[in-house]
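Beneath this line is the structure, given in structure tokens, with notes to follow.
By written order: A, B, C and D. Residues from 1 in each chain.
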Amino acid sequence: MPRIVVDVMPKPEILDPQGKAIVGALPRLGFTAFSSVRQGKRFELTVDGEVTEEILAQARNAAETLLSNPVIEDVVNVEVVEA
Amino acid sequence: MPRIVVDVMPKPEILDPQGKAIVGALPRLGFTAFSSVRQGKRFELTVDGEVTEEILAQARNAAETLLSNPVIEDVVNVEVVEA
Amino acid sequence: MTETSAGSITETKKFNIDTVENAAKTPDTELPWAELGLKQNEFDEVVTVLGRRPTGAELAMYSVMWSEHCSYKSSKNHLRQFGEKVTDEMKKDMLVGIGENAGVTNLGDGWAVTFKIESHNSPSFVEPYQGAATGIGGIVRDIISMGARPVAVMDPLRFGAIDHPDTARVMHGAVAGIGGYGNSLGLPNIGGEMVFDSVYQGNPLVNALAVGVMRHEDIRLANASGKGNKVVLFGARTGGDGIGGASVLASESFDDTKPSKRPAVQVGDPFAEKVLIECCLELFKGSLVEGIQDLGAAGISCATSELASNGDGGMEVELTSVLLRDPTLTPGEILMSESQERMMAVVTPENVAAFEAVMDKWAVEYSWLGEVTDTGRLIITWEGEVIVDVDPRTVAHDGPVYDRPYARPEWQDAVQADAFTGSVQDAGRPSAPADLAAAVTELISSPNMCSKSWITKQYDRYVGGNTAMAFPDDAGVVRVDEETGLGVALATDANGRYTYLDPYHGAQLALAEAYRNVATSGAVPMAVSDCLNFGSPEDPAVMWQLAEAIRGLSDACMVLGIPVTGGNVSLYNQTGTTPIHPSPVVAVLGKLDDVARRTPSGWREDGQAIYLLGTTAAELDGSEWSNMRGHLGGLPPKVDLAAERALGEILINASRDGMVDSAHDLSEGGLAAALVESALRYGVGARIALQDVLDRDGVDLFTALFSETQGRAVVAVPRSEEIRFTDMCTARGFAHTRIGVVDAEGGTLEINGVETLSLEALREAHEATLPKYFG
Amino acid sequence: MTELPLIGEATAAGAGAERSLAGAKIGVVTFPGTLDDRDAVRAVRLAGATPVALWHADTTLGDVDAVVIPGGFSYGDYLRAGAIARFAPLMSRIIDAANSDAKLPVLGICNGFQILTESHMLPGSMIKNDQLKFMCRDQLLRVENNTTSWTGDYAAGQEITVPLKNQDGQYIADEKTLDALEAEGRVVFRYVGFNPNGSRRDIAGIANAAGNVVGLMPHPEHAVEAGFGPEIGSDTEGLGFFTSVLNKIVGDNK
């Protein structure tokens, strides 16, 4: 079944405490290559049947209204993935 | 600066309480096209300079050890994104 | 130095730096003072004070520090009364009074307690979770900066109508935010308030209180003394938080690139704050800081100018040393930023290494900004060039003060003349037993009187192991000393409807209730903190409400003999031209020599005698009953502070001498609410007969149950103590009536003249309301 | 006069404690973000043992006879509860000592339990409570196994009330693991009457095969002192965890 992936990230100017905690932990484990980390969310919406334009529009709309908080987050990606 | 994106999703057989709550809320907002939703995490790791094979290997390694818990989660994607 | 973020920010930035030298040479440069919120007269004052035009950075500092929020320019003239109407007796236990980050009260045995209440109203409307979370974060930093270990928080809340579509958003977010932040700090939540009223629809009130304890020798003040001592900024990095409007600092814009976006809201990092708490306590323990100040509103502007002006009067700071989260910040923006989880301290050169060791242990980032001087000037440089050169007092203390016009609004008379009794809404007042039973059930399931456990179960009440009482008792009680059982009790109260009907007495009623709540727990009231939530001070009617409330509160504090030790004013709480009800939230702190003696609010022992203390008048105006019927008019219940004091003494003595096993004061919802709450507390009912009360006070059963006459409480007295207890009341001339007995068997609340109420049904009704609306 | 102890600063055993018991040293670990370490220290002290503060960055365990990993939000719980704490230097020592022949008793409470699962010392994992909210309540538990290092003072099947407070408390594991846990008697505590977070098979706590490592979501250290514990039932029913391990230590040393 096809899925629509929605990626949501904290806005760049907004503090991301989670990313901050991770970037602090990485070097302690020997992962020294990364200068910053930000943690966002990935949603996978399953569609029964074909992904029409209308359904994709629904997904975009849901991404902006329910799946993200526009005050602090950006929807960075909405795309269809075949299973 | 280039970033490495790491996507982590709850294992398919694991109940996802957040996804469940979302799939319950969607139809109330008129989004009726989706039969299930799962919520995972998206990490963006920033690299100062070029993403070498070694750095990508570090990212894969970090994804498996720190960024995900293999008991409940799968790393579904590790890829380089140019800014 | 610990680098938790490797972001390289060392690259020299190319701003059009507006130096003091440049300002002197270019007196006619246009400055965006109006966009920054200054009035013409205020800007002129800045120019007079400096003897030249301000630099961009100076303008940033003055504009934030002279804002209503930081300068109290509209309320200062009235707030003075809190400092003036105090007796020596009231000052006896006050170790630190108004003017510092929070007041400090002596508890004896070398212990001291500090507490303060603050608002985070408008951020909590924009983004409820983060707004409420950072509200907790901010008030906790005030407590740390006094040298105390924070030990508990409270959260008085006021939201719009319970059934309005937007209320759920605010409710879910704010409660989760308070819990998310407070729980992560390991601070038990020991109380608060929840009121729904459509006047708060566009302007919810999210107030937060924190309390901390310390040994006397650990008290720290916000001052920078000792020439040559080092100034350090530590905690989170500085980002563009809270400076939305500051991008108008055109004179500072980038040469080459545009500044990145500034955050619309601040995001809290409770983990960073928890680490900051432990790290500060370790600094205090090692006596490693001379002075310390939290960073809240007005950020570095506030911290540097307050530290400097409270100390030897001088400081020099290099602003490029500030660690940044966003490298595009201009100097003015850095000065104004309200990024959370930061502190500033003054450290002697000898202690620098030890200070750094504590920072490294807790992996807290820090940077040395400069040092204390004796020049009386606050000098801030950017790569060595002077961009600020001011007398810090002019920034921190000598802001504008306004005597804003105020006047009793014309509508006040009409509102006060519109009594509930006999009004349209009063039609069909219940009197039959079945109707009275239904009325009681309706009352205790109404939005304001229903159980708040939907909220409180999202808060950790156990962490720390010192919580002796919390929800749903009248006051929160925390143990301070494990060996002696010494502890403190706290309650916060406000009644916007009473205050709307009569601001002077309404504010006094808030104090009286908080005082009564604390005494009911068995604690001796000692100190007051207040958060004055009002509309726009530029509206003479609102200004009158504010002036009257402050006058009422300060007068009442004199009579009750407890001083105001600190607080906060939140103005402009209105939607369009419609202000919220005036809402002075009053917190009272009391002391218990041994928290084992605290009095809970519920019945437990079968056969104990139940007494009603105080007399009942027909006072339904502004009551929950009239509110349920959609009426607001008339005059609030009478204030009798002497009676409150007498009642308090009875409750405190009774607790100390073991004469009562439970006590619950009467407030919103009157006797009906108090009886149901006393029964539901432990699921133990009672048989009640009110005939003696009706005969003595000349009221009917409905009035006896629903009137909100003040100065009353219900207590349960063990049989063996009855004579001693009634003798005490008689000796003090305080009205007391035996109204029934505790019934641990029946599972019901029986009130003569009211159809029997099953506790199960009452609980169901009481607890169903919030889940019904909020899931 | 008592000084306000810093987090993790352990005070010596109460004066009334028996000498042999007070000789037992129980370590209490503090990570950045740990919250209930002072409570755990108090519980150890009230049980009669000597609490020893352990710091996450320490590289030795000293001579402690048992270790408690208390609750809180280590590293803010930002990535996953316990995910970052598990990599602390001290955790490697704890893992080694627990798996050594000496079988050091280790108790993980709430965040401590999450750290134990993230470290794979205990199977399964915790996800968000099914109602997605932080929940604080007095919780009834059944002690299913009283043969572990931490439950010897309870009767098998005994029901106790201790506070529960968490956001990520839903215990999950695959069916095979759950069946194995049941078969081996390693389900140590089960929720009774009400499952507060949706945990599989009402599991509140589990043990490793040897029974020296125990983890649970509810908080026994908040039920050790009259007047400060749960309101329903007795308020000191958590003290048994700490007296159990003490008796075990003293018994082993005889």
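Everything that follows uses one rule, which is that a residue touches a chain if its C-beta (ideal position, glycine included) is under 8 Å from a C-beta of that chain, and two chains touch if they have at least 3 such contacts.
Treat the numbers as computed from the prediction; the structure is a model and nothing was measured.
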- Note on the structure: Quick note, more Cb pairs in contact for B-D or A-C? It is A-C
- Centroid spacing, where centroids are CA-atom means, of chain B and chain C in whole angstrom: 40
- Between chain B and chain D, tell me the centre distance in angstrom, where each centre is the average of that chain's C-alpha atoms. 31
- Inter-chain centre distance, chain A versus chain B - centres from mean C-alpha coordinates, in Å: 8
- How many angstrom lie between the CA centroids of chain A and chain C, rounded to a whole number? 37
- Residue numbers in chain C touching 2 or more other chains? 6, 8, 269-272, 363
- Item | Contacts with 2+ other chains: residues of chain A | 17, 20-22, 24-25, 29, 34-36, 39
- Where chain D touches two or more other chains at once, by residue number: 75-76, 78-79, 84, 87
- Message: Following the definition at the start, I'd like every touching pair of chains, please.
- Response: A-B, A-C, A-D, B-D, C-D
- chain C to chain D touching residues, read off their complex: 109-110, 149, 176, 179-180, 183-186, 213-215, 269-272, 274-275, 278, 281-282, 285, 361-363, 456-468, 479, 481-483, 595-596, 682
- In the complex, chain C residues that touch chain A: 4-8, 126-127, 130, 236, 239-241, 260-272, 325-326, 339-340, 363
- Item | chain D residues within the chain B interface of the complex | 79-80, 83-84, 87, 117-118, 123-125, 127-132, 170, 172-174, 198
- Item | Interface residues, chain B side, partner chain D - complex | 10, 13-18, 20-21, 66-67, 69, 71-72
- Item | Touch list for chain B against partner chain A, complex | 1, 4, 7-9, 19, 22, 25-26, 29, 31-48, 54-55, 58-59, 61-62, 65-67
